[in-house]
């Protein structure tokens, strides 16, 4: 029996999808309106799931307040109300797809989870487009 | 007894809030992180509500497909995957708050409703910030 | 200051939109795939809103349990898991659009509200197509 | 044309419904399991809607951050993670139905809205039971 | 570390649950009101999840637009605004439960995924009844 | 290919988080406002997922009505409109975190699933705090 805790956070960001090695025609063919020059944006949802044992003293895997604080300080503070192409050091030079966001958030959070282990990260770009990274 | 039809649409856009007549300090004081220089974005929801009589031949106030097509062609096509500060002719020179979006969408749609009358427009910037314009 | 109580219910039903006085071409032109011969269906949401005074003995306009029971017995029991074109006496001979459903539900419920007065009925055919009938 | 801004907040609280002037049988008859002696609870949603003019300097009716701060300090701070029967001075001696909550929140907020006017308060006890107070 | 992309689609369909080898009494005992002769319907949600590597040129596992187009052309076009008992060749002779839908959708999509591999299909018949097929 | 059926239920309950072996200062440090003396509450969602084979006679893993009835009678009836610290025999002496609820619900349901096997239980305390127990 495996037990996991999920905390949901939200952030609002602008982005533009592009491969700078490609010309306009190729970029529009692949990324469509996501390549529009001045960008667009989303209200993202970020779900972080940690697995572990239930601490008999607290009845918790880890304190959801601590998990939310960690996600807030290490991820949300860097991306909320930001432009993902221009403002975020850990995304510099990357194409900010949901796949790339989820993968980079994993790299940041995985070494920092104070108890238990990181099991899964989900990034919902819209309610219809979702990326999951799982151990 | 009044009867109304509501059609919901969605669009994703970038924006930045600012008053160009103000200095940075004043803009940050009023708009906070919404003034960040490179913008951010949202997955907006747009609800358009029309009132009218139920046509005895169709059982409809107006055809929801026609209403959605109108909203798509006259509003969504101009704002979806766009930067609201830079790309939208009917928002040129305006501060793209949800209030301003809802008011300008009203001005566009109100003369175009083919049957019945426009009753209400709602713009949900996030699920927690909503603006309503009503006749 | 006006105070209102809303109770939400759900039902699942099949329907087909058509005007029997029209030929196939005209029906497909107006109703599109909603005219497909064997019907389709929806998970409808029904919201019933009553206005009134707060009873000082109960702190309620009327008991939400009583309101839900009334809606269940007089409306939901007739439409849930039914075919709206074939199975519902009070819709016989009608084109079961969301507008017609909302109007007929209003006619049934309006004389039956035991305390306060019926203020509004909303029928959500999908989360994107909504009809409101209001006093 | 009327324009309105809605801010949504959430709080989690315990409550028990009862009329202390009634005996157990009468209380169970009216309030059902809401009368259970040790209480139960809900994740409430509170929607506060303000109407007004759009300020030409800000593009806003009022700043949604200020509205949320007001609601947070004057309402949410008193009810979140509280027992509505025992812990909330402005509900003392009242039966904490959704109607009573919405009415009392209105009384608190109505004199405090810094710009525009309070138009509507909605309390969602669950997603299916909703009370609206409107000017 | 495994990475997956999920695309959500929606369709509205009618159906009736029955085993033609059983008599009415047995069918009503097992399927209840889902056996009502004229059928009922739902607004279904279909979630399709693909796993794979992130293409360094696009930052994507596969293009979510391509995935949605595939699901639209090969599945949604056959079931949306249709009667699942009568109109869908690949469901002919089957009892259209959510389990059967999810399994048959899997059979169609699994050989067609252009990059990565199909990991999971979810069919939500209502928000409360969900079937998952997973590799 | 693995196939699973999920049924969602809801319940409303009060609780208070605490470790009786700790003093007030330690309890407030760990549990924050969840330690408030008179408790608070939530509208919980409970998702129960069963895996198994699709019965060729019914097209179902097991009948979702039977699964919901089981969850209702063995779990929901004990916790809905109850105080989780005081009213629930199977939680006596426990700290009613979402982790503990999910784990205890698993212990109750696992031996009772009439067909297939229990795969997963999820408890959503709010939409943002979720615990998953998985085989």
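A, B, C, D, E and F label the chains in the order they appear, each numbered from 1.
By definition in this document, a residue touches a chain if its C-beta (ideal position, glycine included) is under 8 Å from a C-beta of that chain, and two chains touch if they have at least 3 such contacts.
Note that this is a predicted model, so its numbers are computed, not measured.
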Any chain that touches chain F and chain E: A
Superposing rotation of chain A relative to chain F, computed on C-alpha atoms, to nearest 5°: 120
Counting contact pairs by residue number and requiring over half to coincide, which of D-F, E-F or A-F is equivalent to A-B? D-F
What's the farthest chain from chain C if centres are computed as the mean of the Cα atoms? A
Measuring centre to centre, with centres taken as mean CA positions, what chain is farthest from chain E? D
Copies chain D and chain C - interface residue numbers shared by over half, same or different: different
Whole-Å gap separating chain B and chain D, where each centre is the average of the chain's CA atoms: 28
Approximate Å spacing (C-alpha centroids) for the pair chain D, chain E: 41
Could you say which residues in chain A touch two or more other chains, in rising order? 32, 127
Those chain pairs meeting the touch criterion are A-B, A-E, A-F, B-C, B-D, C-D, C-E, D-F, E-F
Which positions of chain F touch chain A when the two form their complex? 17, 19, 21, 30-32, 94-100, 102-103, 106, 127-135
Residue set of chain B touching chain C in the complex reads 1-9, 49, 54, 57-61, 63-65
Considering only the defined contacts, which chain D positions touch chain F in the complex? 10, 12-15, 32-34, 36, 38-43, 80-83, 85-87, 126-127
